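Labels run A, B, C, D and E following the written order; every chain starts at residue 1.
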Amino acid sequence: MSAHLTPTKTAATRPSFFQWRTLRRLSWPYFLILPTMALIVAFSLYPLVQGFYMSLFKRGVVVLPQVPQTLPQYVGFDNFIHLLDNADFRVTLLKTVGFVVVAVPLNIILSLSLAILLQPQTRLFAFARTVVFFPSMISLLIIGITWRWLFGLNNGLVNYLLSLVSIAPVPWLEQDTMAQIAVVVAWVWWQAGVNMMIFLSGLTAISPDYYEAASIDRTSKWRQFTHITLPLLRPTLAVVLVLSSIEAFKVYELVVSLTGGGPGKATVYLIQTIYDTAFQMPMKAGVAAAQSVVLFCVLMVLAIIQLRVARSAK
Amino acid sequence: MKNPYSPTRLVLLALVLVVFMLPPIWLFLSALKPQAEIFQWPPTLFPEHPTLVNFINTMSKARFFTFFKNSAIVSVLSALLSVTISVMAGYALAKFRFKGDTIFFLLIMSSLMVPLQIILIPVFLVLKDLGMLDTLAGVIIAPAATPTGVFLMRQYILNIPDSLLEAARLEKTPEWRILWRIIVPLSLPAIGTLLAFNLVWRWNDYLWPFLIITNQDQWTLQLAIANSIGRFGIDWPKLLSMSVLSVLPVLVVFTALQRLMMGGIMAGATKE
Amino acid sequence: MAGLTLQSVVKQYGAHPILHGIDLAVNDGEFVVLVGPSGCGKSTLLRIIAGLETTSKGQIVIGDEDVTHLQPGDRGIAMVFQSYALYPHMTVRKNLSFGLENLSLSKQEIDGKVAEAARMLAIEPLLDRLPKQLSGGQRQRVAIGRAIVRDPKIFLFDEPLSNLDAALRVQTRGEISRLHKRLGATMVYVTHDQIEAMTMADRIAVLNGGNLEQFGAPLELFDFPANKFVAGFIGSPQMNFYEGTLRQVEAEKVTVEVAGLGLVAVPVDGSTASVGQSVTLGIRPNHFHLRAQSPASDHKISFRADYSESVGTETYVYGKIEGSDTSTIVHLSGHVAVDENDLIEFGVTPANIHIFHGESGLSFAKRRADGSLIAP
Amino acid sequence: MAGLTLQSVVKQYGAHPILHGIDLAVNDGEFVVLVGPSGCGKSTLLRIIAGLETTSKGQIVIGDEDVTHLQPGDRGIAMVFQSYALYPHMTVRKNLSFGLENLSLSKQEIDGKVAEAARMLAIEPLLDRLPKQLSGGQRQRVAIGRAIVRDPKIFLFDEPLSNLDAALRVQTRGEISRLHKRLGATMVYVTHDQIEAMTMADRIAVLNGGNLEQFGAPLELFDFPANKFVAGFIGSPQMNFYEGTLRQVEAEKVTVEVAGLGLVAVPVDGSTASVGQSVTLGIRPNHFHLRAQSPASDHKISFRADYSESVGTETYVYGKIEGSDTSTIVHLSGHVAVDENDLIEFGVTPANIHIFHGESGLSFAKRRADGSLIAP
Amino acid sequence: AQLKVLWYIDDDAQEAVVRSLLDEYTAAHPETTFDLQITPYSGMIQKFQQFAASGIMPDVALTSSMEPIIRPFLADFNKEIGPEWINDFVKGWADGARLGDKVIAAPLDVTSTGMFFNTDAFKKAGVEIPSQEKGWTWEEMVPKLKQVAEKSGTRYPLVWDVSASRWIVHQFQYGNHIFSEKAPVKVVMDDAKWTKSLDDFIAMSKDAMPPGLWSGASSDNPKELFMGGQAVAYMSGSWQIPTLAEKASFKWQAGPTPSGTVRSSIYGGDYLVAFNTSPNLKESISFIKWMTGPKAQAEFAKKMGVIPANLKADTVDYGNTMASDAVKTMQGELNASPVYAATDQAWPQMQSVWGPMKAAVSQAVAGQITSAEAIAQIHKAATDAVEAQQ
């Protein structure tokens, strides 16, 4: 089998523009990713880095060379240290975490239940899926205003309907906890459709064989759900968990139009605090930047946890 | 064998329909009321004196159509741009191994975690340096790169078999032709869905247009809606009718693209 | 253990009938294989037995009990799915015990049953692995194990080997057969693999378009197919068919005229036939013998070879009988060198020739070796 | 058309070597089949030839041209993928013409080439269908058509039939063979199907763990395997192996002692062997003959049957040789009734027995029918 | 040249008024045209900050507060028009336009904060509203309002715009104010007195206002409640007059606004500003001068239903006696107000106190913090603001 080998013309066979073509081939993926990277760097990462840099200064949003008192003063990590002993910020951070911790699981439970409820492939259920998805298509401003109106203590439709069955008006937006609940309700209502869709695709990806095997084994519906559906849905759950947690941490427009942060400051969450600190207080932009750094770190940690979870689920 | 119409299911279904339909319907019906009735006590669910006057007032302003047109231009072009670059980036991340690919991916995903509200001024300065202020181009281009879009496209394109690309390369197909003739048509379900998503996102977006646009000729609908909340009060008839009018096109687009949604992309989204 | 009886089981999806009234009586401890072309309703039938689908009409009796309206879990059956349907997130041990935990058994009893099944299938070292850490054959055994632990009256298998590669298939086939012997359980097994059906079955049920075509021992189906469908379906390569006309009918013999073959006299029961009637004549590829080795009583055939394939131990020759247009496959044992356009002379023993009614496709009855007549 | 030469091709992924220096010279117009166990590097080798992977070392020469550093599209190669890789969104016609449109051909030329390929493969009526509207076999033909239109110097096939069902496989196998004859093109074909390899190849290359074990004509591999690996790999069911010790060595004959078989004298070249050395003795399942039918010169063997499988035309008997612990498979033609624990007497012709060096696994050389010695 | 004019509006009618005035100016001065840019009011601060950060300013802008951040860009009218000109304007509002020895804004219109009453409801209940001269105190008024509400079947006695500047009037009326009336600016709050008044306010909100109205999250809209005939009295300001005149389906009147220890309203309104970055500064100044001149002022005030800022403006006939009377009453409230009703809000430092003030008050009403804490927060915001400006 050591057959004769044909003599080869190694040198002559390389095309003269070999280098150029190789270069072009190698640069192709970079070319593909360039537009996205350029936009993301320009409108997200570069401003973010600037924001990080701002967090080291005592300064306002705007620096005017012609006005000496607007010039930034370098303060090192003072802004961060201040955050630590700023009770207001701590409270806001805790409240935001609280919002996420309550709203996200609720959202997941609701959207998963909806996905299971609306799974059948008939026209009626398809219509219902569209209805559930519909809120996600409306701008948050309108959603907030509508819910605010529905929840009105004295003029809201909800309380009016309750009054018809002689239930005393509920102070949906006038009492701290109730308002926080109202924000959660509106947020969950708005997000449920999107997550339901993701869950639906996750559910349909689970082979019916498992359920049939389980039903032959006499497994109850509930046990099928806890022992088969949930574990097999884990990758989907991880995605939904992280995406909606990030979304929840960033809650802003909805709150502004629904409660305006009230009653008092009961529903002021992180982004609103950052925004108000930066834009409404003099010389506090550095502090606001420090707050955003904290927010970014929290979200980053979340995302990393997600990667871990998703990887271990593989 | 399983009957989807069991009584419990139907009851739950009815509940779901009420909960999810009531607020939009309330919004819609209120828009049909004359101003005095909007805040009447006790409230009426169905208008006692239904009228289209709110809509007529809103639409009779020539400006409204300008805003509508601007919104349409912005959302369509921006969505197209966004989908285009998402497909490109998603393709690169799904099917090529190159130096820095993971870093690029992480950078793109990390921008998901940067709320625009906290970087407004730096972004504004970038926009200014690029000469995008007060132009629709700015509203179209600036928000076009979406990490979600890149992520969805990447997940979807991952499922396209490598062998198709290899077959094409064996046939000496130029790379751009592979992208245009193979990747794009095969990702159509994902592209359709992403397009629908982007249309909705851009259509409903307030912050970007607000940041970029001052000139009223370039306003989008959302700016106009926000503007009906004035210094001393809300112009309710205008707000309601504009809201309803702004939701309608979204509903139409979505219904049209819904078939694509259900099948394609979501599967891609979760296949980790 | 228990037998299984299906009584005129009908299934339709909407207005579309899938099974047209299947009657089938499986004996206690019997290994029955269901075969049939794709879409004929094999899986549906199995799923009806399991209770995963409801019947539209008819009854299912297991042992003495009418289970037609029982839930799957209450029928005392176990099913091995084509995809195995092992729970991917549970260890092998958990997979085996999961079903048992639904019965009110003590932890000890469960462990005992799992250990026993694992020992029987030699999967003890795998008990703490996840399904994805197993090879195809090992998964197969776990799937069977999951069925065994439940001590079912009846095992159902839906193409359990079709995911395995050829070598593993042969091996696992043997294992299932031995398991059947050891457990003595009633088993119903769906496959579309000829060899599986022939080697494993006590009896084979041939389904076609929702009808039961024949139900009998493997060699009976091979030697005495009830009709043209079964004849064509059982045996690989397929039986060669030739259209012909009945020229002469006697009680024990009929004579058929076929293009290329001339007049062929075949020893079958001619009582249902009439002269002039069109019939189909069938010869299995392995019933062609080289003329040199065939007895003089054989019917003589001249064959024009097209090409051949040789696998060392056997040779397939493709071509046509001279004077006929029908493609013919001949299967010879050993390596035989054949070139394109070679003319080969074969002999076929008349007793090996099958005749079918042209219209109904029913077989003309043959006699068994013991002289009894086989009614189609 | 052109030959293909691989010169000490090495491939490693990272530090992990996959191919250890493959030398292979394929003649112009030859049909070469690559076989080997899963993961041995068949696909990798094919993809290296196609240019879809780079070599770590070594050269690839097509015709007279070193193509090692050329892009896939520039090598003049066509590849048929296991999955066919038909563009699912294009009609068959478009699939065929897509690659041609990259060359600067006129519309007419393209249409002509497509029409010709379609005619050759009899897929003309399918030209306007989408791949999903085709059956498996039709898709296969379109995939081949896509290769043909480009008039490549070399065709590469990566397990092209493994997705088809058995019947279609047989048919398509024949079609590819005939196509090869008609086009006279050089073809390299990867499969793990024995029968495909044996029936289609001019020469077979057996790969194992990244090494080329043997490269030769099918029957040569079958009759004169170079080593124990090839002997075991080629032929189905697998050759039976027995451990033994060399007791006597002559120039043209050696005698081996094997448990259960006693002393076996085998006519092979003993020049490289020494008495007392451990060897492996191999007998193919089909080389056992019922004693009644075997000549007196055969080596006599008593066999205890375990169980048997009969497929109508042939019978496999599983069991052990009396006095030996090694499982043995015997392949008999025709239907033979065997019961558990039956004792069967077989004879094996000494010339059909293979002997391998215990350590290296290399074959003891045999003589061909013409008397020439086969060097392993 | 074309001037870029940044404006905010409350409804479409106002936009039309502005446009017609601009057109009028262009008709008279053909070389000057306008590019009117409307911005949602809630976004004005952010817009100005963007502009300041990037240095691109419009030529002319409407503002109610002259955000500190834009002040460095504002043209000095003293330099452009001369120091006398500003004396033509309502003093309390004109003082707000001064920054040191500069005048950085031109008063456009003045608003006054005060009380509206549903006179139909009073009539129905048979309760008299005292005359403007006589007036009444909070302690006198609230029980009357409740009585009217009860007798006339009106849902609420009192509604009150949820706004810091409407709230602080109540403090003003008890002599409380934040900043010194004269430079240098100092915080002069007497926290104990402030707290006492805040307590009174909270009690009143519980007693007479719709539940939850002032806790800051209420969806209830005081204006809509009053317009819908659901409230007897409405604490708001003169800018409501045109809408009331046009749309109210009942008889109403402005004032008398109740007093505490003193009578007070608060100066409010809008300014026009020009930017020294503008290449068309001269044209911009001429336009502003015209716009705030007697003739345009009268026209603007009439159409917008506001009080002219220019003292020389002709008497405005609002075309409706109820409206004309109301404007007069509201103007009277301003005239009767103490000096700090003008100065407090005129200090630039006040701009960063409004936000914390509203939050603190609504938190106090919501019971999240005590009144004393709320006042301390306001005090701190004021002190911080003073420091930040140094």
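As a working rule, contacts are C-beta pairs under 8 Å (C-beta built on N, C-alpha and C of every residue); 3 or more make two chains touch, one makes a residue touch a chain.
As the structure is a prediction and not an experimental result, all values here were calculated from the model.
**Student:** Indicate the lowest number of steps between chain A and chain B, counting one step per move to a touching chain.
**Tutor:** Counted as steps through touching chains, the separation is 1.
**Student:** What are the two chains with the most C-beta pairs touching?
**Tutor:** Going pair by pair, the biggest contact count turns up for A-B.
**Student:** What is the distance, in whole Å, between the centres of chain D and chain E, each centre taken as the mean of its C-alpha atoms?
**Tutor:** Result: the chain centres lie 93 Å from each other.
**Student:** Quick check: how many Å separate the C-alpha centres of chain B and chain D?
**Tutor:** Whole-Å distance between the two chain centres: 56.
**Student:** Centre to centre, by mean C-alpha position, how many angstrom separate chain A and chain E?
**Tutor:** Each chain reduced to its C-alpha mean, chain A and chain E end up 39 Å apart.
**Student:** Let me have the rounded angstrom distance from the C-alpha centre of chain C over to the C-alpha centre of chain D, please.
**Tutor:** The separation of the two C-alpha centroids amounts to 29 Å.
**Student:** Got the chain D residues that touch at least 2 other chains?
**Tutor:** Answer for chain D, listing residues that touch two or more other chains: 71.
**Student:** Scan chain A for residues touching two or more other chains and write them down.
**Tutor:** Within chain A, residues 25, 61-62, 149, 155 contact more than one other chain.
**Student:** Two or more other chains in contact with one residue: find those residues in chain E.
**Tutor:** Within chain E, residues 46, 49, 53, 155, 221, 224-225 contact more than one other chain.
**Student:** Considering the complex alone, what residue numbers of chain A touch chain E?
**Tutor:** 60-64, 66-67, 69-70, 148-149, 151-156, 169, 171, 173-176, 179, 259-267, 276, 279-283
**Student:** Can you name the residues of chain D that touch chain B in the complex?
**Tutor:** Residues of chain D touching chain B: 50-52, 71-74, 77-79, 81-83, 85, 87-89, 98-99, 102-103, 146, 150.
**Student:** Give every residue of chain B touching chain A within the complex, in rising order.
**Tutor:** Touch list, chain B to chain A: 4, 9, 12-13, 16-17, 19-24, 26-27, 39, 41-43, 45, 84-86, 88-89, 91-93, 96, 98, 101, 104, 107-115, 117-119, 121-123, 126, 130, 141-145, 147, 150, 175, 179, 200, 203-207, 222, 225-226, 239, 243, 246-247, 250-251, 254-255, 258, 261-262, 266-267, 269-272.
**Student:** Mind listing the chain A positions that touch chain B in their complex?
**Tutor:** 25-26, 28-30, 32-33, 35-48, 50-51, 61-62, 114, 117-118, 120, 122, 124-125, 128, 130-143, 145-147, 149-150, 155, 157, 160, 189, 193, 197-198, 200-202, 204-205, 235-236, 238-239, 246, 250, 252-253, 271, 274-275, 278, 285, 288-289, 291-292, 295-296, 299-300, 303, 310, 313-314
**Student:** Looking at the complex, which residues from chain E come into contact with chain A?
**Tutor:** Residues in contact with chain A: 45-46, 49, 52-53, 68-69, 72, 155-156, 210-212, 215-221, 224-225, 352, 355, 359, 362-369, 384-385, 388-390.
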